[in-house]
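Presented sequentially are two complexes of chain A, the first with chain B as partner and the second with chain C.
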Partner chain A sequence: MSDMETAGIVVVGGSLAGLRGAEALRNGGYTGPLTIVGDEPYPPYDRPPLSKHVLAGALDAASTELPRLVRLNARWRLGQTVVALDRIARVIGLADGSAIPFQSLLVATGAQARRWTRAGSELAGVFTIRTRDDAAALRSALASVPARVLIIGGGLIGCETASCCSDLGLPTTLVDSNPAPLSRVLGATVGNVIAGCMMDAGVDFRASTHVDALEGAFGKVVRARLSDGSAIETDLVVVALGAVRETGWLSRAGLLADSGGLTCDSACRALNVEGQPDLNIFAAGDVARWPNAHYGDRLMTVEHWGNAIEQAEHAARNILSDPSDQNAYRHLPAFWSSQFGINIKTVGSAEGAEAAAITQGSLSSRRFLAVYGREGHTVAAVSFDEARWLPSYARRIEIKATFPPVPGAIDQERVDVVDPGFPAPRELAGATSSVRQEAAHA
Partner chain B sequence: MRSETLFSEVMDPKNRANPYPLYELFRQTPVAKQSDGSFVVSTHENIRTLLFDPRLSSEDLPPSRRPHTGNPIKDWILNPIKNRVVTAHRPFIFRDPPDHDTLRKFVMDEFTIQRVNDAHGRVESLVDEFIERCRGRSEVCLVEDLSYPLPVAVICDLLGVPEEDEPHFQRWATQLATALEPDARHDETGRHAIVAAFDEISAYMRKLIREKRRRPADDMLSRLAKPGNKRTPGMGDIDLIATGILLLVAGHETTVNLITNAMLTLLRNPDELEKLKADPERAPRLIEEVLRYEPPVHFRTRKATSPIDIDRVTIPAGAPVILLFAAANRDPARFANPDRFDPDRADNQHFGFGGGLHYCVGAPLARIEAEIALVTLCRRLREPRLMSDPPPYRSGASLRGPASLGIHINGIS
Partner chain C sequence: MRIVVDLNRCQGYAQCCYAAPEHFELRGHEILFYDPAPPERERARIERAQQACPVRAISIEPADLAEQDEP
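Now for the complex of A and B:
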């Protein structure tokens, strides 16, 4: 690559947001040069199946490639990491020493699995799940029938992995620092439903417990030491402690970025350390942290599939529009998960909810719809095999409908209001604090 | 025109041929309270929202009431019991979850892709047969010659209703379909006519089901009538009768409008007719656009079970809510150039089959019938021209479609 090439639009990130953003640029009429840089060697692939079908052995990790919706006519630089950004000269530098000039930059670098940094991080048999390679490696380890799988972290990925391992008939332990699985996302009240599923499936769930250290023999993990003093004999550990964002190249260039994300304005434009938007740099997907108008302009990153697409398309529209004609990105977070035979779907952000109302079904039947409220408004809803009315609750979140909902639904007259049981905000929650956590682990 | 009385204009037969200007007025008040206390909802976004709202009930019909006979045993004992039973066992189009779900699932399990695809060949030969009967004529009435008999023959076939019985229930079906029209519900004579038709068709259906149980055949009714077991209970007899009637009526009264509206629209847009003739592959897109542009069902009524805030209006508990699908289908906020008939339209998410949990069960079958009918008509009718425009319309404002559609032809190929 020479520095002499015509500067066009450069997309950094070769996954879902990068691909859909690039396609939206072409759909939006952009015909100039388009470069897509990705740090993995593979063309864009779909991640949701990695922690489900791929681990189960139902789908090959290599068969997850994303469908292309538009002829991109782009220059692909795969297997290349961006290491530098010069915002004045408008050029990025790659790890191989080459440079790519840009007119506009779309940062869609996603997030990376948080690694195990405490004792035992060097041992074989310790896995994370984020990439195709991660999933392929973990799948082959599971296929060789480990004596016991230990999963660290009871978030979505940890729970899906536990579900998958129990389906495979593998003895499984899940250690969670919270009182119930999914507590951070949905609260312990709903999380306890999953805890019940785990118990029925024979998963050994350890609540409110930390893993202090992993111990090995001959370079391979054999045991985990827990904070309650006990130990678990295990030959396969899955670290599912959430994600961090590699944004060093952005913060070094004077942008407001850390391991929690790259801060943007409402139009998805990256902010510099003075808090001013850089008119040529946009962000989308897991890496983007932007003020969400649905939640009082609270800065939010959304690590879900739907947001990657929607935000990338939105950023692409703004890239192609005049700086005086930028649209604010309004997005209601949503995700789905399948685990223990249950289809979980959510809309909104339950974070900080003070109460939850069971509007359909019941927790005991494991089939229900729960609505979350904060300061008298509806802020989120989650369904366990009961997604039928979810779009209506999404609408009620958008219009900040009052909470609790008025009883009298056609399929259930009563509304039970319960404490959602969110753990106290941990020191580590949020962007700045995750930096702190890394420091603590280091 | 005041928006409080606008819906009576929609009901007025004089606006049947072109209700769309009224719908445009409605969309200016997206949630419009009518003087009778009902609320008419006419924009795409609001209807979409309400279709997924658990506070909107489909159990909106007034309870069944048989007319006074003078016979005290009937008036004081038999008929009140009958009324209660019939009211409690309405077909699932008028039911809410969880009953709705259980009953609908029975039917969905039978309406398999396999079975719908198997109907393909039968539909083709029926269409050819109906068109062949028009040989030697210079005029055809599309409704009488094809749009009506085709879906009837198909649904009878699928259900396993003997062909020779069909003429009996043409009248019943037409009468029962008026249950969807708001004016028939308020009119005492109309309601009694519905009850009477229901009694007659129920008696017929009961007999037919008994027959199917005795000699099961390879048809839907035989399968639905199969007794269940402890783990998977079968459908109760009264629900089975109601379901059979629903499928029969739906097969009689809706697809006829789809086929007729499609042909009418093509005759009004001859270039589209030529395009379809040249490229039959256009049929699916074309039918989707007809479903948006001239849908077979214009609106459905629901009832609010608790107060609903929508678009700065509060619909109180108990209020009837009219979802004006045909108006939402032409909402400029959702469809560019909504009044233009454009089969090449992208992202055509219409309400031609309704939406939400009551989305038309027979949609795949209706699509196949309409596609085959239109492609064959375009191929075989020589120089078709409308005899009069607009054609005369049937009385229904919800199930809206031409009563007849006269077409001049120069023979058939």
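Now for the complex of A and C:
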């Protein structure tokens, strides 16, 4: 292998975290060799529009390329998958057999759509949405007017897809194992507002139901069998069951990684199986699981756009700093979604909240601000078309303000505290039971 | 040209929509819909939209970077 003098920094994953991390390295004064390896054939592009304007037909999947903000002078290796890591020799191996040495490695490999693995997984007409190609393929299938779209999973992406399908006038069914859409992200109390939107839009929402099997004819999906014994005739299925991470190449190298993420220390350095940080390997974005000081060092992964940028920039600063001078990454999660004509925005982590209060507007008007509390502290806020209020709540979450908010302290007359309706936490394959996951953008 | 709007930051103030109505549009009460790939000849107008945004949510690829660093 070539000597370490020329090895430089290698970024694995050519998407949001990879691009912004690479830019932060240059902004931070790094002038050495920089290589970006990405297995998709495209330059970095933006995923949020895929399940919104691209499915709706308002934007082309190819128009979502991300702007470059800094001159990188990087060597791009696109269409190349990293399959191996040698931590001692500091070399990564690519699927084509070539090897790239590194001084420091930034793992920004994100997540992949969870595939349908039950009966019917081989059938045509079954889609997921993660990549540009996924969205383009699903968009063209929707444009050829399916008889009924079946969406499996009522998370953010499932609900955004249902919204697009109903805008397109397509008969749509959404099956979710929880009592309301978005239950895991926002709780059933707020999720029921979206259930109401679905009813108004003619989306057939099946609560607390599972799809047991997909059935086909001539290789194409024709029907879904549900856990309540019923069947749905469908010729287009969208599997929106969240994301998994392909971290086999990291765990084989002795790092603490599984389908839930690559575990890091507070400075975003990857941990080995002994729990010690590898001083040359960092992670950021959807793949990174780290102890977030904001939530009492709870191990979290945050699968949202804002975190990919912030964490990549943070990891880049630590890469360029001395191992004895590493800063902990503290992050207040935030995301947006748009569906059924409503702009949804959140700050904080509502997961595990025991109580919620509507502090502006009302659920029935579908314009409101809800705050979430846990152990007497404000932990999250969600806005439905009331985004202007959110920044002041971000501050309250930051300082762990008392929950419920004191009436009159903001400008409401009375706060009703309600049960947010979160489902019991699900068991995660490969993760210890104490590891609770952040609600995924999936 | 390539642009992106940080929709966590965006407050739906619609100043960008007044500056470049062909490329930024508010849907519903506050959903910002924008064109991530407007034509290069629109750069002056897009930059005006960027400057008008009170929360600096709009990022634009500088013209001299567009041809550089092509993967």
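Assume the second predicted complex is superposed on the first by the 419 of 442 C-alpha atoms of A that agree within 3 Å, B and C clash if a C-alpha of one lies under 4 Å from a C-alpha of the other, contacts with A are read in each partner's own complex, and residues count from 1 in each chain.
As a working rule, a contact is a pair of C-beta atoms (placed from the backbone, for glycine too) under 8 Å apart; a residue touches a chain by one contact, two chains touch by 3 or more.
Bear in mind the structure is a predicted one, so any value in this text is a computation, not a measurement.
Look at A:R71: by the touch rule set out above, it reaches chain C but stays clear of chain B.
When the two structures are aligned on the shared chain, A:A334 is found in touch with chain C, with no touch to chain B. Looking at the shared chain after the overlay, A:R388 reaches both chain B and chain C.
Shared-chain residue A:A401: touches chain B; no touch with chain C.
When chain B and chain C are set side by side, the one touching more residues of chain A is C. When both complexes are aligned on chain A by C-alpha atoms, chain A residues 388 touch chain B in the first and chain C in the second.
Residue ranges on chain B touching chain A, taken from their complex, read 48-50, 52-59, 96-98, 305-307, 309, 317, 357.
On chain C, the positions that touch chain A within their shared complex are 1-4, 6-8, 10-12, 27-31, 33, 35-37, 59-62, 65-66, 68-71.
The residues of chain A lying in touch with chain C in their complex are 14, 36, 43, 46, 48-49, 53, 58-59, 63-74, 76, 78, 305-306, 334-336, 338, 341-343, 345, 367, 385, 387-388. The residues of chain A lying in touch with chain B in their complex are 359-360, 388-392, 395, 399, 401, 406-412.
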